[in-house]
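For clarity, chains are labelled A, B and C in written order, and residue numbers in each chain start from 1.
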């Protein structure tokens, strides 16, 4: 496996506070790498640096064979760094299909066409439908996004992120606010998409993390405490103490 | 030099009137997030009520003192019947509804007071002139406007900076959810603030009446100027409204007074004096556009 | 197509368009020439309202200065006419070019602001044009300017019926374009940005440029309405673009149904019909009440804003 994304010794300070302290993390092609840690551990700050919303004080980020440390967000997106949002942000007035179709359009450009009817663009609609099918929303294509359940909106988010055919998908708490059943469906969706791209999964739902992740990195107080397979994580005493709680999980 | 001084004073006086009108607008805007186009109607209603009470009591001061609480009542009634339902709506709904209220008030006033304009005489005890500098006379009524306007501006500054209601207003302008968390009766607070804004608008209307005239639609154009002022100043900022009102007052008056001379260099005298008021208005809107391009939330507005 | 015709809205739209298409024949048959001039105004205002709907309805950009385009289109024609250039082939393209230039300038500056500030800055720019026109002493100043109608050679704009049909054809073209725009790639981005601007930006769409182009398109059609309005009355004046007219345009768009293709047409018909009908109706109830028709119309707008957000279009929608 070759590393798709490599973050090397990222440091980010806010005033006197060190939010990420020499954090290194890498994600391989086709791998699901989960990032866990208590609130305030620096997960959001790390994601911000990976997406390009925050500039690291020191350290480097390489993605798809290039140094992207100083590239703006949209340039990274163009290189294949997709993301889903922590807060559900689908276009509520649009149907599920149109949401994905718009994401496809963002990817292929050409927004200054005024007369051709997009509803007659069969190829694009078929592609959007396939995107919905891939996340299990195929039957909900014509439903307005606002009428979808919370879980379905998150699924739709994933479909929109996948429309850009990313090499790597950053998933920021995709299970947040979901019930057990919805979480289970999301786990299956993500497992189904695994062959198409690498994923960096930030998630609190430990059942989902252990079910999905190939590797897990534990972030505590801005430091990468440990990185290993789910089994290694389960056995690691320091991790159990610091994060999973002393009586284990 | 004397002429310049008098024009600057006229600008201050117009600015203070505009500030009274803008103050209520910026408060309702800032804490209730309400675009109230009907604010100019309250300015008009205040002036008409003053005309009625002044005619009835035959005293300017007594009439004015009766008109202010009456305008307050109109404002609070308007808030309780219609405006209250608009706070949670988007700005487009607010524009539409309060635009409807303008039409309503214009015709209501026509029905009650008739289509002809009214005039309020300058009270006799203020119909002389005062010497602002030795040998420079200035109309006493305009001077009184400056005095009253300044006092009310100070009162408002005190109200906002020093009282509990002012504290709530400031808190509300920066964070609407916070006042709810303080356990305040929001409905009552909003009614009071709206009523207070109505009183200030009515006061501006009745004070302007002797130098302008009392007529239907008198509030419509001045309302737009008041909006310009609160946008330049930054929505919700009393200080911003004051600074902007002063600037706009000076541009308007000084522009009218001095542009004709300036324009005569390029234009025949008749068209120069005709074009000057229009150009001074244009300058005001150019200023507003420039401020918004430079600072998209106004001079003293909250950054978002 | 057949299915669509079963919807009340489609039926009403079709009937309305047919009625408007034959209006000159009806007014001639019943000798109601006044009605034709009302009809002409409805059609011209509809064009302006459709153009406002493109940015307000689809883009969510509440422009409170759209009547400025009445004035810009109108004055371009008026000033050229006063300078002795009567040909419509010159007047109209110049007027459209000026409208587009103004829309570009106003859009580029206004779109930097959001929300209320956008409402107010568009209003300010319209007021600026208003006062500029009042200051044009050479072209009538406050009193406005009488002009002679544009000359085209092939049609005679002085003929009321011919002029009406020209306006109606242009309205149909505007409606057609608006319908296509709404479902084009461009239209989807414009509507997407109304729904969730941050998300559209995050997806990588050039939201600012799309909105600017929408403002320019709307400005061009607004200017067209101004050209027609100047020719309708053979007269231009600053009053064409007072802020109240901008308010009227918003009222028409909301009354008809925001973001619905034919909404502005319903809105304009209802707006002018109310104006023409409320007066005699109130007079019928009680002599003299008609004069105070806005006493009823004002609260009606309040009720629409509070309780009938979808406007006429939602009243006409098929029950599900």
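Everything that follows uses one rule, which is that contacts are C-beta pairs under 8 Å (C-beta built on N, C-alpha and C of every residue); 3 or more make two chains touch, one makes a residue touch a chain.
If you're wondering where the values come from, they're calculated on a predicted model, not measured in any experiment.
Using CA-based centroids throughout, the chain positioned farthest away from chain A is B. Chain C has its Cα centroid nearest to the centroid of all protein Cα atoms in the structure.
Centres computed as Cα averages put chain A at a distance of 46 Å from chain C. With centres set at the average Cα position, the gap from chain A to chain B is 53 Å. In whole angstrom, the spacing between the mean C-alpha positions of chain B and chain C is 31. Only residues 29, 35, 37, 82, 85-86, 89, 91-97, 99-108, 110-111, 220, 224, 227-228, 231, 235, 270-271, 274-275, 277-279, 281-282, 285-286, 288-289, 292-293, 296-298, 304 of chain B touch chain C when the two sit together in their complex.
Of all residues in chain C, those touching chain A in their complex are 177, 180-181, 183-189, 191-192, 194-196, 198-200, 202-206, 210, 213, 217.
On chain A, the positions that touch chain C within their shared complex are 74, 77-78, 85, 89-94, 98, 101-103, 105-107, 110-119, 160. Within the complex formed with chain B, the chain C residues making contact are 56, 62, 64, 109, 112-117, 119-121, 123-125, 127-128, 131-132, 134-138, 141, 243-244, 247, 250-251, 254, 258, 291-295, 297-302, 304-306, 309.
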